[in-house]
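Two complexes come next, and they have one chain in common, chain A, joined by chain B in the first and chain C in the second.
So, the complex of A and B:
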């Protein structure tokens, strides 16, 4: 069980936070390096298409939300807040559900350190989350999950 | 697990067969089904490229797969593009994609994997639920592939990549999926 990376997208489709974890090589991984890369853009596009697809095919009146998608090599866990912040975790296939963990990450770490932070912008534009306390707490949160390594 | 729908896509991403076996998901217009097929086709291809650099599972590149087929005469798994999209999990349905050696995609929409109880949740408690359902669906894919070969490919009046109109095939699909 491994968590490979973590992305946050805002409601204007831009990647405001990207975090890659390293497991095989020593080191701390990279923060906010991949925000403008094709990987982030393709990931967003994929999630966006699958989200529309799941809304379209839904028969019930309530909103159907995408939980995860997987390929033969990795699984992508998805959670979207009501304010359209999208939280994305890429893990290996052994990790089957991270919905509650993503909700906690949003409710506890993100809301307290980004939303309630007076210095953090409401609309990010081309800015990224560089807030140290958020980065540190989000890292701690994910590293303490039993599925991290 | 209940099967809601089956779609078959040709190698260019066009929809050649669509059947709602059990009620459970919304009915779309013919055009929307084509859009859906095209979306799945492209997402399947894009998902292949999103593989994390550190991800070291599966050494099934095109070369090793082809080498295996040449040496043993058959593929170890009928699903050629293992790195493409396989499973989409949402609150109300699960969607599975299976690609054959010739690039045809079978898409099954089923009931979702049972939602886990959040009260005493731990990521390990539901271990294997998605995997179990995936293995079940793979069995269905194999059966459907056999039916496709027998009733569509062996039909002398069928031209490749065109919509499937065979009533016999439809009846067989119904009997497999409704069980």
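So, the complex of A and C:
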């Protein structure tokens, strides 16, 4: 089981954080290099459309949300806060669900280190999350999950 | 005033309560008074005067932590009693917080007991429910 990468999108559809994890080389992976790339844009587009379409299939209008989708090679885990921050984790197929973990990541790590941090903006514009304590704690949080290998 | 506080406050609120989306504005009203005010100010304002179309209501603050030890000075300037809303901060906070959960609202004071009115009343009016933004250049 593996986590490949992690993205955060804000309310204005821009990618404010991207993180790739390497598992073979001893390096740490890369932070915030993919924000403007097609990968991030396509990922956002896919999730956005999938979310809209899949909610239309269910006409009960009750509380419903997109959680994940998978292909033959990977699974994409999705959590959206009510304030429209989107958290996306890409893992391999063996990882079944990460909903509670994503919620914790939002509620504990993100809110405490980005939102409650007076030096960090809440409207990012074209800025990204470069806040060291967030990067460190988010990394720690994900690395300590049993699914991260 | 207070808008930026509201923008951040709502995230803390969502993280701590794990609240789900409200299905009606009435439910939102309950959430604001019974959960939001309770959590941040430890007071539960009453909800009154819901308009018939369900898009506006008043919060009646029985106690106001912001103005607990406050008296407006008696001066020669009558403006202080006519134009100053001492607890205006609430309006911005509520508007900012609701905006972040896609509710575009107007929030304003109607009465304030430190001005000598009988109650402290904040009016909330829902303008519209905002849609998700879509990326620039796409339809």
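In this section, the second predicted complex is superposed on the first by the 149 of 149 C-alpha atoms of A that agree within 3 Å, B and C clash if a C-alpha of one lies under 4 Å from a C-alpha of the other, contacts with A are read in each partner's own complex, and residues count from 1 in each chain.
Here is the rule we go by: a residue touches a chain if its C-beta (ideal position, glycine included) is under 8 Å from a C-beta of that chain, and two chains touch if they have at least 3 such contacts.
Everything quoted here is computed from the prediction, not taken from an experiment.
Engineer: When the two structures are laid over each other on chain A, do chain B and chain C clash or fit?
Structural biologist: fit
Engineer: Quick one: classify A:115 as touching chain B (first), chain C (second), both or neither.
Structural biologist: Second partner only.
Engineer: Looking at A:68 after the superposition, I want to know if it touches chain B, chain C, both of them or none. Which is it: first, second, both, neither?
Structural biologist: Touch status of A:68: first partner only.
Engineer: Determine, under the contact definition given at the top, whether A:125 touches first (chain B), second (chain C), both, or neither.
Structural biologist: A:125 contacts neither chain B nor chain C.
Engineer: Applying the document's definition of touch, where does A:56 land relative to chain B and chain C: first, second, both, or neither?
Structural biologist: first
Engineer: Counting only touches as set out at the top, which of chain B and chain C does A:45 meet: first, second, both, neither?
Structural biologist: both
Engineer: Regarding the shared-chain residue A:81, is it in contact with chain B (first), chain C (second), both, or neither?
Structural biologist: The second partner, chain C, only.
Engineer: How many degrees apart are chain B and chain C as seen from chain A, counting from C-alpha centres and rounding to the nearest 10?
Structural biologist: 110
Engineer: Per the overlay, which chain contacts more chain A residues, chain B or chain C?
Structural biologist: Partner with more touched residues of chain A: B.
Engineer: Measuring by CA atoms in the overlay, how small does the chain B-chain C distance get, in Å?
Structural biologist: So the smallest C-alpha gap separating chain B from chain C comes to 13 Å.
Engineer: Need the overlap of the two footprints on chain A, from chain B and from chain C, as residue ranges.
Structural biologist: 45
Engineer: Of all residues in chain A, which touch chain C in the complex?
Structural biologist: So the residues of chain A touching chain C come out as 11-13, 41, 44-45, 48, 63, 81-84, 103, 106-108, 111, 115-116, 122-123.
Engineer: For chain B, which residues are in contact with chain A within the complex?
Structural biologist: Touching chain A: residues 23-26, 28, 32, 36, 39-40, 42-43, 46-52, 54-58, 60, 79, 82-93, 95, 109, 116, 118, 121-124, 126-131 of chain B.
Engineer: Contact residues on chain A for chain B in the complex?
Structural biologist: For chain A paired with chain B, touching residues are 2, 4-5, 20, 22-24, 39, 42-43, 45-46, 49-50, 52-54, 56-60, 64-74, 76, 90, 92-98, 100-101, 145-147.
Engineer: Would you pull the chain C residues touching chain A in the complex into a rising list?
Structural biologist: 4, 7-8, 10-12, 14-16, 18-21, 100-102, 132-136, 138
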